[in-house]
Every structure is written in C-alpha cells, then in structure tokens.
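Got a structure for you, questions after.
Note that the chains are named A, B and C in the order they appear, and that numbering of residues resets to 1 at the start of each chain.
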Amino acid sequence: MASSFLLSCRGLSAAADETPILHDVDLEVPAGEVHVLMGPNGAGKSTLGHVLMGDPAYSVTSGSVEFDGADITELSPDKRSRAGLFLSFQAPVEIPGVPLRSFLRAMVEGRGQKMKNKEFRKKIKELAQTLDMDPAYLDRELGVGFSGGEKKKVEMLQLLLLEPKLAILDETDSGLDVDALSVVSRGMELYREQCDGTLLIITHNTRILEHLNVDCVHVMVSGRLVAAGPSGLIDEIDAQGFERFELDNSAE
Amino acid sequence: MKTKQTLIERAAAMPATTWHFLNMNDVRIEIPEDLAIAPKVRVFEPWASHGSRDEFENALADAQEAWELEHPEPTAEEQRARAELLEAEADATYGGTAQSNYQVQADAIEEARSLSVAFEHGMGDEVAAYLRYAAEDRVVISAGPGEKVNAQVLVSSVQGGVSVAAIDVVADEGSDVELSVVVDSEQDAAANAGADRASQGLVGTTVRVFADKDARVRVERTQALQEGFTDIDDMGLFAGDRARIDVRQAVLGGSCAYAGLAGDLRGSSSRIEVETRYLGRAEQVRDFNYSLRHHGAKTRCNLQANGVLADKSKKTLRGTIDLVRGCKGAEGSENETVLLVDEGVHNKTVPVILCNEDDVAGNHGATIGHIRDEQLFYLACRGLAQDAAERMFASAIVEQAALDAGSAAAREAVVRLGERMSPGFAELFEGADDDR
Amino acid sequence: MAENTIIVTTSGKKRTQVADVDRGMYDFRYEDADAEKLEAGLTPEIVREISERKGEPAWMLEHRLKSLEIYNSIEMSDWGPSIDGLDMDNIVTYVKPNTDQKSDWDSVPDNIKDTFDRLGIPEAERSYLAGVGAQYDSELVYHSMQESAAKMGIVYSGIEEALHGDYADLIQSKFMTLIPPTDHKFAALHGAVWSGGSFVYVPKGVRLDYPLQSYFRLNAKGAGQFEHTLIIVEDDADLHFIEGCSAPKYNVANLHAGAVELFVGKRAHLRYSTIENWSKNMYNLNTKRCRCDEEGQIEWISGSFGSHVGYLYPMSILAGRKAQASFTGITFAGSGQNLDTGCKVVLGAPETSASVETKGISKDGGIQTFRSSVVATPAAKGSRCSVSCQSLMLDDRSRSDTIPAMDIRCKNVDIGHEATIGRIGDDKVFYLMSRGIGEEEARTMIVNGFAEPISKELPLEYAVEMNNLIKLEMEGAIG
C-alpha cells in the first residue's frame, strides 16, 4: 500500500566508509507541511539530508526511503531530483567554467521542460529580481567568488525555478550571516507561497524559523531520532538546549 | 584523391624535449599545396596608430642598446676568470658537466646577448615565416608614449584558400593597447558538405608584440571557424621593464587548431598572463605550445588553460616556463584543467619548468580527468546525471567565451558558432547585456 | 699472486674536499691485476666469447648477437645529457674477477672481501638481511641466503647459475620481455654483453619478512657493468629487495647499463629499494621495469647520488585490474653531475592507481632533471595517478628541470600533477639562526628536512648514510 506521506523513511541506517552514522531512522513528512530537523553538532542531521538525496558518499545499510509513492532507496540523485526532491547545500560547490545561466538552463532542460531561451531568460531574470540578486551574477561562473549570501541566493533561485515537491534545506551552519539568513527566509516564504511546497529544514538556528508555521520538530542525537513534537519544542530547545535528549539517549 | 601537401615537421617544438615515443615534442602541420594565398583581413584601428613596416625591428634594436648598457659585456678579465673556473671544474669533475642538447642551446642563446636571437615565435621560425609570406602585408599597430589604442583585426576563412594576417604591436612606454583578433567563418560561407575537410582552407595569424617600459598590452584572440578549416595562431611577445601583456585565447571551432606562444620577459618586473579556453569536439585537433622565458628580475608569468575534450578530439599542450639565470625573484606558474567527457578522446600534456636560477619560484599543476565527485553530486542533486553534466561543461566553454568576449565582433563570432552547435544559443546569450 | 694495493683518495682544501670526502668510503680501490679482462670495444667475437665462457644455452647467444645488431643500428636518444664522454670503443665490457662465486665470505679473496667489508655488506647481512648477492665487476662473487628462506621455497641465486637450473625455462620466457633490446640503445647493449646479476623467485603465497640485497661494485677501470636482475614474485607473495651500487673514481669513464625486470603476480607485493652511489666518472644508463598483475603492488624507492651522467626511469606497467604502483625518489646532483631521473607509469587496466613523489636537489653547477611519463590506455577506466615533484636549488650555478609528460586516452580517470621549484627560504634560515643555529647547520637542517619524506623510506642504514651525504655535500657550500 502506498503511504499517504510525501516522504517517509523506515528503519533507515547509513554509513560513511563503513562508519555507521544513522541508526534506524523513521521519518514521515506529509505533503504541504513544514518539518524541522534539529540536533547538536555532529548528530548526523546533514548526513540524513544527503542520504535522502542519495549522496554516493554514504551507503544505506538498512531501511528504505519512499517519496511520492515510490521507493527511491536505490535511485541516483539526479533521478530523485527529477522526481521532485530538492536539497539545498549548506556550502554549495563552485563550478568554475560554467556560467550560472548555462547551469540553470541545463537544469531546466534536464527536466524535459520545453521553454524557449527567450522565455527562460526572462524567467530567471525575474527570479533574480525577486531575490534581490544582481542579474549580472547570471553571467558569472557558478559560485566562483560569490559571497556566502550570494551563494544562498543562487540556491534559493534554483529552488524557485525547479519548484520541487519537497525541499530539504540544509542550514546546519550556524555561522550564516544576517544577509544569508534573510535570503533563506525569503526563499522559503516564496516557495511556500508560490508552489505550496513541503519543507524539511535542517538547522539549529531557530531564527530562520521565525516566519514559518512549523508543523513538526524532530530531534536527532547521535544518528537517531530521539524526539518529535509540535513547534513548541523549538522554544524548549532554545531555552534548554539538547542536553535532555542526549541524556535520554545515553540512558537507552 | 590526396592532394599534395606542404609539410612543416617539428613545428611548435618545446625547448627541452623528451621521449620520442610519446610524440609530444612538436607537431607536424600539413598544408595542402593547392590552396591559394587569399588573405581576407579587415582592420579596425584609429588611423593615428598605424605604424611603419619595420617599427617592431626598430623597437627591438633600441631595446637591445638599452639592455646592453644595463648588462655590459664581461671584461676580458672576467671572461678569463670564468674560463679558468670552468677549466678547473672540468678537471675536477671528469670533463665538466655533460649537458643535454637543450642545455647547450639555452646557453648559446644567452651567450649571443641578442634580443632578436632570443625572440621566438611560439609556432617556430618556419611556421612564422610561412605565415608572414602568406599574409602578403603586415598590420602594424603602434601606440606612442602614454597613448591608448584599441584595435580589431578580423580574419575570415576563405574556401580553398589561405587567409592570414601578420600583426605587429609596438607599445611605447606607458601606453595601453587592446587588440582583439577574431578568426571566423562568415555567416554566408555555407558549410561545404562532402568536401575534403582538411583542404577547405587555412586561416592564421602571426602576432608580434613589443611592450616597452610600463606598457600594457591585451591581446584577445577568438577562433570560431567552421568545421574543415585549419587555424594557426602564432605569437611572439617581448616585455620591457614593468610591462604587462595579457593574452586570452578561445579555441572553439575549425578542425585543426595550432597555437604557439613564446614570450621573453626581458624587463624587470614585467609580467605575462596567458589564459586559454578550448573545446574539442568530433575529430578536432588542438595543439598548444607555450614557452615563456624569464630574463628580468622579479618577472611574473602565469599560464592558465581550461578545456573540455569530447567525442574523438585530440589535444596536446606543451607549456614551458624557463627561469633563466639572473631572473632573481621571478615567479612562473602554469595550470591546466582538462575535462575528458568521452571515451574516444586523447589528451597529452607536458608542463615543463626549466630552472637555472635559485632565487625563483616555479610551479605547475595539471588536473586531467572527469568532473570532481562533489561537483558531480551537486549537479546530480539538480537533476543532471553525469552525461548531462558533461554536456553542460562542454557547451559552457562556448557560453563563457561569449560572455567574456572583449569585443562585439568576437562575441558575434562565438554566438554564430554556438548557434551552429545548438540552435537557440543566440537567444540565450546574445542579449545577456540587456539584462544588466 | 700479485700484491694488492689500496689507493685511497685524499685531498687538501676544504672546498674540493667536499666532493671527494663524501664518497671517500667508496673511493678505495684495488688494482685489478688478477682479473681477466676481455678486449675493450664491441664486436660479435667479444659477444661470442662472453657467451662461451659462461657456457650459456644457444638461445642466449642468439639473443646477444641479435641485440648487438640492434645496438649498432639505433641512435642514441637526443633529449638527455650528452654521453659524448663515453667512448664505447674503450669500454671493457667484461671483467672477470679472480674468483668463482662463493657462499661464505671467508672463501672470497681478501681484496674483494675487504671491499665489501668496507661497504658494510657482511655486517648488514648478519643483522637484518635474509640473503645477499655481491657482484664484483662482471661476475657475482658471493651469494647466500638464510636457510629459513630457502625452506620457504624462495630462490635467490646468480641469474647465470639459474639459467642452468630448474627455472631455466621460466627465465627464458621472461628474459628481456619487459625491456626488449629494441627499447633503446643501451638496452640493446645490455642484451649483447650482460653479465652477472641475480634471479629471485618467490613462490605463491610466500612472504619474506626480511629483505634480500644485491650489491654491485664496479672496481675495474674503464669497464662496464651490465648485470641483469630478474625477480618473479608469484601471486599473493611479498618481497623487499634492496639494490646498492658503488665504484671507485677513475679518470676515465665507466659505464653501468644494467637491467632490472620485475614480475609481480596477483595480489603480490614487491618493494624495490635502490641507492645508487656510483663514482662521478660513471655513466649510469640503467633500465628498470616492473609488470603488475591484478591487485599486485610495486613500490619503488630510489636514491640517486652518484654518477657523472645518469639516465634512470623505473617503469611500472600496471597490467591487471587494481594494480598499484608507487615511486618515491630523491636525486642529488652536485658539481659535474647531470642526473636525469624520474619514472614511467602505464595505467593499462581498469582501476589501477599510481603515485609518484620525488625530490631533487642541485648544487655547485650540478644538473638535476625530473622526467616522467604517465600513459593511461583506453583500458584504464577508473584509474588514478598523482605526480608530485619538488626541486630545490642550492645556488644559481646549478640547474633543475622538470619535464613531466602525460598521455591520457581514457575518459574516467583522475590524473593530477604538481611540481614546485625554488630555493631554501631565507626566512627559514633566519628563523633557525635566530634560535642560535649556525647558518651552515641551518641550511643542512633544511635540506635534510626537504629530503626527509623520501629518506625515511630508504632502508635504515642507507638513510643514515644519505643524511651524512647531504651533510658532507653541504659542508663548505657557503662562503
């Protein structure tokens, strides 16, 4: 029976170079909701994001991932992307030699979308303006010499261009400056507004969540999901940190 | 039927050679003999910058005088002392150090104490002489002291012909010259399907640059020929004190493209920067030879080559940085990145550093292979599988060339080539400026 | 029997002393009055005579004559250091010492035993080697292996002796197949006049914990040494082999054109360490090659310090899936030396990998060239190779060239290359001096530090020796 959730993973365990990182993770995200994944540094939150996207650096040792009614555990990342899954990178890679415009075009073409170049040009220019991004960046080599905030803008622009069914935003890095932070917030808002998107936000920076109605908060400690609850959990964590969950975990 | 060929063996040879089995030391160029000499060259430059025919030779001769003043010949006493030292060394070391042919030749060049002997063409003297002969005339762009000159030379391919431009740039003290060379097939020159590809024609340029003290010269050469044409790009550069020469090359079209660049960093604190971008598709051949000689103190050079090889294309890059004795404080670096996107490609690289001076820094790096893992994953996350990512890198070479083009003519040429490669290209890039 | 005379070189002034003293321990020599020499030069008659004296099988004589023909028909390469100082008509290709091969040092004639004693070979054998072969001029004078190793089925003997033994057919099937006489002029010469050298056979699955060592000493004036080393390490076996060489200094050219052919089986491992310390009148044109089968590993450790002219590029042919090669080398060229060294790698099968790390030092007008070739064939899918090469110039009279070639015919490969060249940083010297260290010592420390990543890979007693070499070479380098 197909699950009623947009994303669900069951008993998911994963390892990097034979070192286990994720243990028996069960996670369900219904369509249209906003979920937050929190946890202390090194808990495996980013790893979960990467594993959900199919990063070959990790191997799934048990369990499965279902997305939009299909088992995607064995799917390559490009196929997951085309199936409607999106992962924004904490630190987007630089790709010298490839103008941002060319990259965006290849991305759209890869999805088999028929769009005239003229139309496409207009669209990305509009998106850039919505995100308060200088269109000159479209002609620069992807990521090369971009500031942290500019890189984030590029990630959000891709989010809005692709309009995925589920976006996993990996914002673990608490070092985001104010600029980058507001870019991400704006991107998330637009994504929710324009395509009624579903979000899984990985963070331990609660400021990023201020303007969002969070449906569920998951807490990860040492590669396990140890708690889940309504948005109130965020305030609790803000006040008390993760210590309580860590103790719970070690008591097991 | 095979037509008769003029052969130039050992063109664009690298100074210090290596194993012959590698077939990398030089290149063999075939020129069909039935091609007519038919230069189709248009020059756009301010009238005032038009120089006299032997301006370059005169400038070099003047530089020779100045150089000799600064570098007086060793006195008889010094020469004798040196000979004695060498003799003593030879006695103590079993006849002295055995040198290779290159090392002997390098010493001979220095001992000649002549700037014109040391001045080299990247394609070698034989090719340069052929190109000068084929060019019929010479374009001389000259900038007086402190002047600013902006010039363009457009060389168009000629079906069944040899279309070559010979260009001298003479930049006086403190002047600023920008030269854009576009090597291109005109729009109406329809592809001659079914014809013997190699015999379609030859297009070429031979450029000599003399940059005097504090001069700044930028040369941009964009090659966007149609399939079937052979391109030869020959350059020889001379940089005086604190002069700076920037060369940017885009090798995008044609069938066989040969590029040779030699530079003499003679003046102290002079600098030469070379940036090359190339694309190899189908059965295209690309051959590059760079040779930069540091003579002056605190000179700098930097070679950057980035390319993508697809289908059954072949590429060879010989890059030599020579840190000649006396170039105290010089720094030379070269870096190459080659992306191989198909099984049939063939890439050869030999990044050479020759060093005869201790107070220097030389380094080179080469990265040859596929897209880096983290880039590949990032692109996959955006829906691009490996082959799609590779195609993107290949077309990005042309797109980036269109965006970086320093002149409208260069951009148009690239866009035309892009349009031939993938219809719709023009719409994506032509008006990129309007967006700003 | 004639009285043997030791001639030890001594010298006066400090500056010239540097060059002499550093090889002082090698620079004694015995008159070769007792030795049998063949006429200098190279003719089919000489080749026949060498073969006859050795009582070789007919195929070997044929091989020699064919090689001589090739030698006469091909040109010397034009890219390397000049060998004009080498007059082939005056090189004695065969010098037989006044003894047969022995298996205990006491039976070796005193002058020869004394030579190896001074070089520390018997002592090394006692302390950490599983077996030793010692060649003096054209023939092996000593060969011995511990009983325990023999019991494991390991064969370590003179190659000529082995040509008549149980492995004769195996040798015939491998001999000069990795280095065919057509490869280059001195490979052809080797094929014609080779003499002496070792044969090692390590059976399947056998792992020898202690190294075997062969030491080559060329004593005769104006002679050539052409030993052939053939090592077969069968599947899953493991061996460490050490090669050392030296010669006293003469005022005429000596030639070394040995050949080393190594066959590494599936999942087998071979470490081949060499310290080359020929005297500075030596033309060292040695050829070394290894073929690795699936998951086989070859590790080259190479130190080049001696010779007037050196051409040395150990080659790794990775012929089986996941085969691996590593090359670690250091070259130190001083006054009057032109050492052209490096390596060759062929990535000839899927998922092979190779790494090359070299250091080069040149001083006092010496020339040091790093030359390499990395070829990835269309079969090399998934292979990797990284080359890293650093050169240090100790003065502005010397030369350091780097000529690395890469020929890549396969898409899914990772080929990386990096090289740097420079001198001892003044800031480093200043730093050390500010801590109370004298300038000369500071420079020596920095050079040793530069060489350290390589020297630590060398067999222990050689590493000590190398540090001493550097120290001695550096002495008097200032002022």
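As a convention for this text, contacts are C-beta pairs under 8 Å (C-beta built on N, C-alpha and C of every residue); 3 or more make two chains touch, one makes a residue touch a chain.
Everything quoted here is computed from the prediction, not taken from an experiment.
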Could you see whether A-B or B-C has the larger number of C-beta contact pairs? B-C
Identify the chain whose mean C-alpha position lies nearest to the mean of all protein C-alpha atoms shown. B
What whole-number Å value describes the gap between the mean CA coordinates of subunit A and subunit C? 57
How many angstrom lie between the CA centroids of subunit A and subunit B, rounded to a whole number? 45
So what's the Cα centroid distance for subunit B and subunit C, whole Å? 40
Multi-partner residues of subunit C (at least 2 other chains): none
With touch defined as at the start, can you tell me which subunit A residues reach subunit B in the complex? 53-57, 76-82, 86-87, 89, 92-93, 95-99, 101-103, 105-107, 110-111, 116-118, 120-121, 125, 135-136, 138-139, 141, 158, 162
Under the touch definition given earlier, write down the residues of subunit C that touch subunit B in their complex. 16, 19, 77-85, 251, 253, 280-281, 308-309, 335-338, 340, 365-367, 369, 371, 373, 375, 378, 391, 393-423
Subunit B residues within the subunit C interface of the complex: 16-20, 22, 24-25, 89, 92-104, 323, 325-326, 338, 340-343, 345-370
What residues of subunit B sit close enough to touch subunit A in their complex? 277, 306, 337, 373-375, 377-385, 388-389, 391-393, 395-397, 399-400, 403, 424-425, 427-429, 431-432, 435-436
